[in-house]
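Two complexes are shown next, each including chain A; its partner changes from chain B in the first to chain C in the second.
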Partner chain A sequence: MRILQIRKTDWAAGLEKSRKDHSLIGPVRERNNTSKFRELEVGEEPDFSITTTTMSPKSVVFPQSEVMFTYTTDKASPECNIMKVPKNDYSPRAIIGIRPFDAAAMNIVKKNFDTPDYRDPYWCDAYEACTFIGLAVTNPDSCDFSTSTNSGPFSTAGLDVLLVDTGDSFLAEVVTEKGASWMRSAGFDTKADHDAEETIATMRKEAEKKITSTVEFDNIDKKETLDLYNENFWESISFPCLNCGTCTYVCPTCWCFDIQDETAHKKGRRMKNWDSCMFPNFTIHTTGHNPRNTKLMRVRQRFMHKLKYHQSKYNQGIMCVGCGRCVTSCPVNIDIREVCKQMNS
Partner chain B sequence: MINPYLPFPIRIEDIIVESEDRSLKTFKFVFLNPEDEEKFSYKAGQFAEISIPGQGEIPIGIASSPVEKGFIAFTVNRAGKVTSHLHNMKVGDVLGVRGPLGNPYPWDTMKGKNLLFIGGGFAFTTLRSSVVYLLHPDNRDKYGTIDVVYGSRSPGMLLYLDELQKWEARDDINMHITVDGTDDPNWKYNVGFVPPIAEEKAPKSAGDTYAIVCGPPIMIKFTLPVLEKLGYDHDHIILSLENRMKCGIGMCGRCGIGEQLVCKDGPVFTLAEVNNTPKEF
Partner chain C sequence: MQSYSEKIKEIAIRLLKDETVEVVFGFREGTLPMASPPFAAKTVEDAEQLTWTSHCCINLANYLMDHKGKVAIFAKGCDCRSIVNHIGEGKVKREDLHIIGVPCKGMVERHTICTLFDDEIDEAVEEDDGTILVRGNGREEKYQKADVMRQCCKVCVHRNPGIYDELAAELVTIPDDIKRYREVEEVEELGVDERWNFFENLVSTCIRCYACRDACPTCYCPTCFVDEAQPQWVGKGDEEPDIMTFHILRAFHTAGRCTDCGACVSSCPMGINMRAFTKKLEKDCLDLWDWESGLTSDVRPALETYQPGDPEDNFK
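On to the complex of A and B.
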């Protein structure tokens, strides 16, 4: 394990230095006590006091709204009705302070956008441009259950570097060559003391101990899909749901999207926009027939997809990293941990 | 990296009005770049996204057949925003197509077997593609008997009438054309709904026949018990499902039925497979 030490007094200067070949993206506070990941302005530092940003960093590779193509509908143009690929910027960028559960979510979403049959070039190009400089969770939020989902507070899955805050400095576990390259670019090259590995292990145990909420999903995998689908508990689970879609927007592993054309004055663009299985419009046919026409069916779809279908399809656990955002954001207190418990029992 | 969302530019070469109420038109397209035709190499049963900038995209089964070269064809029902716009487009207009998408009918598995096609209404497009493929001299010997039960509301609503009549005259395919009702005294084919006509005319199966069924939900609902009665196992009954789609390549998530995505894992499923998934289609 390669561990470097970064003194906090050198941190800001290193970040600025790394800008020569990376743009920087990090967690920031916004109005109304919300927070998200966005590009950091020169001199601006990522806010490491936020453990779980309101919005997950999935937008770094999967923007809420993104131009796929541009076109003209002007019949006088020889290019009329022919889609053009826009020149998007995929220059290297470092995501500073992404939390281990959010990095683990990137690995899950990658299965959807980077497949043996098709690759989504927008997602894949943006993902490949990223170096993920993670920050270990030392003070987990109360709804964090990431130790159950293989994406615990010090997990390096999906990360290029893992930073551990030890007070006046960071210990930096370099996970990949991409991570090493960013560290060099920032001029962080001081080897950590010989006991660094032990320090990280101790801090990891302490952090994991602080996470007291857990989920189990091993039985869900063994159950038949249709048995779970036809369970009576969906009625009570979905009863309070408003179908507002907040859970799907804040979720780092929700990847469903819509494609919409926008035209004005014969010029247009084809957009890829976040969508949500909570909305009736998501599935309605032109005939008016809607295969998921009730709230119960839509709520069931979300939980079945995350906790059953994904597990059965890939055999690599559930489509959830235990960040707790949907639990904290839900206006009617629907709790995925409780749903998981019912499905698993 | 290949961009799977980028449509191939195509031009409308011909438009054929298929039905007496003008709600169904067949569009013949040619590729603006001839090399795209090769990239669009397809098999019967697959679909494509027809892409009209400013309107959107629609998933439509490919009605032309892989043995027909130089063009692709789709029969489109005027129903929503994109299809209504398409119905108003003219020969020579340019638009886009993405595909081929989804899985074809299981042609390799069905080799050497008898085939029964049951179609209703305008869901005969990929079945037309299949029959044209099968009747080609290169392919006819590879399969056993072919029976086609195809019905629509009235004679004027039957698709591809000229071709149906030509097939009727052949001795290597058994056609069972039917209409729900007609006041045409010269109507020489069957009158009746598809399920009872299938019960009367379709061959029984002893595990040697595959049934491919495409039609409106109500037709499928009453046809499946008929097929069971005729001895068809659930893994020998093949359906082509439809769901709302956007990406067509298994990424946008909306056409999911359980673990399966209709666009990428389907749209062709056996009844045995469908029985094991939530009925969300």
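On to the complex of A and C.
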């Protein structure tokens, strides 16, 4: 394990230095006590006081709205109705301060956009342009249950570097060559003391101990899909649901999108927009028939996908990293931990 | 709110036991401090879980339209006015409802307290003296409920239920010095550009999750205009003109029908005060047509009818 030390007094200058070959993206506060990841302006530092941003960093590689193609419907043009891929910027960028659960989510989402059969060029190109400089969670939020979901406050899965805040300095565990390259670019090359590995291990244990919220899902995998599907509890679970898209939009692992053509005055663009299985429109057919036409069916689908179908299909655990965003953002307090408990019992 | 909760349980148990209703719509304790999610109690055991807190921000009238059969509902002043509208608009039948009016002392959003406390909250206790005691991360803070309650509750003049079969508590006194539209007047006083900036900033964090629409009892169109595909009225992306179109049109669709229950704001994960749109329209309806929503189901709402004597100053 290669561990470097970054003194906090050198942090800002290093970030700026790395801009010569990376743009920087990080967590920032917004209006109304909300927060998200966006490109940092020159001199702007990522806000490390935020443990869980309101919106996850999935938008860094999977924006809420993205132009896939542009076109003209002008019959006089030789390019009439030809779809053209826009020239997007996929130059290197560093995502500073992504939390381990969100980096773990990137690995999950990758399974959808980068498969042996299909490669979504928009997602993959953006993903490959990223260097993920993670920040270990030392003070987990009360809804964090990431230790139950193959992630955890110090997990390096999906990260290129893991930063650990030790007070005056960061210990930086360099995980990949991509991470090493960013560290060099920022001029961070001070070797950490010999006991750094032990310090990280101790801090990891402390952080993991602070996470008291847990879920168990081992029985869900053993249960028959149709038995779970036909359970009576879906009625009471779904009753309060408003069928808004909050849970899916704040979720770092929800990957569904819709494709829309927007045409005006013979000019058009094909958009890729986030979609949500909570919306009736998500499944409506051109005939008008909607196979998921009730709230209960939509709520059941979301939890079955997260907690049952994903494991059945990939055999790599649940489609949830335990960030707790859906728990805190749901307007009617539908709590995935409670749903998981009912499905697992 | 403890006394309210006891009474609410007692009423719900009675109504279910004597089979007056099949189900009671109320609230129960959530999994987070200050979360009180809607709950449908069908048995006496269910009814034992019912509660009443200062965080019952959701408007339960929203849940009536999907329901068939006889139902009891605990309803604040604003919820009652939404029920009146639903009856007038043919969405529910009065004879299917047993309304238990809950005189309202104002509601407080969890989001507000979380922002003020700015730390992990382990516990929030509401004291009888009108304060909320919040504990977390080794410290505690006390908030005056009157200071932290929702803006819609601060300016509410319809705190008592207007339609009910029984009451869960004594009627509350409504202060006579409430300045109902000060927040609207502040925006009205801005110049045109400043006003546009105000609304642009207001919705700048919108993620189009539609929680505001979906929590709104007034928004019940089978297909909302933003979901229409043929023709498609509005783009579905995250660009400002589309977001603004959604909010402005939604507000106008609720004009004369919105009861300022605040469920839209309370549901918004991004803390947007979309009441800035609807409250202005409420004020206009009152100023122009002397109309207040949800007080009667016998008269059509202001923007649904035309009378020869209607003022025309609003046509520009």
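What we mean here is this: the second predicted complex is superposed on the first by the 345 of 345 C-alpha atoms of A that agree within 3 Å, B and C clash if a C-alpha of one lies under 4 Å from a C-alpha of the other, contacts with A are read in each partner's own complex, and residues count from 1 in each chain.
Here is the rule we use: contacts are C-beta pairs under 8 Å (C-beta built on N, C-alpha and C of every residue); 3 or more make two chains touch, one makes a residue touch a chain.
Since the structure is predicted, the reported quantities are computational estimates derived from the model, not experimental observations.
In the three-chain model built by superposing on chain A, chain B and chain C fit together without any clash. When both complexes are overlaid on chain A, the residue A:116 reaches neither chain B nor chain C. Contacts of A:167 after superposition: neither chain B nor chain C is touched. After overlaying the two complexes on the shared chain, residue contacts for A:64 are found with chain C alone; chain B is out of touch.
Judged by the touch definition given at the top, the superposed model places A:258 against both chain B and chain C.
Within the superposed three-chain model, A:43 lies out of touch with both chain B and chain C [touch as defined at top]. Rounded to the nearest 10, the angle at the Cα centre of chain A between the centres of chain B and chain C is 90 degrees.
In the superposed pair of complexes, A:243 makes contact with chain C only, with no contact to chain B.
By the touch criterion defined above, A:142 lies against chain C but remains apart from chain B after alignment on the C-alpha atoms of chain A. The gap separating chain B from chain C at its narrowest, counted between C-alpha atoms of the superposed chains, is 6 angstrom. Contacts of chain A with chain B, set against its contacts with chain C after fitting on chain A, overlap at residues 258, 260. Chain A meets chain C in the complex at residues 30-34, 54-55, 63-65, 141-143, 236, 239-240, 242-246, 249-250, 258, 260, 262, 271, 273, 276, 279-281, 295, 327-329, 331-335, 337-338. Residues of chain C that touch chain A in their complex: 30-32, 35-40, 58, 62-63, 66, 111, 114-115, 120-122, 201, 204-205, 207-211, 213-215, 227, 235-239, 266-272.
By the touch criterion stated above, chain A contacts chain B in their complex at residues 68-69, 71-73, 80-83, 85, 112-113, 115, 117-121, 124-125, 225-226, 229, 255-261, 263, 268, 270, 275, 277, 282-287, 291-292, 297, 301, 304-305, 309, 312-313.
Interface residues of chain B, counted against chain A in their complex, comprise 1-7, 9, 32, 51-57, 79-80, 83, 93-96, 242-244, 246-247, 249-254, 256-259, 264, 276-281.
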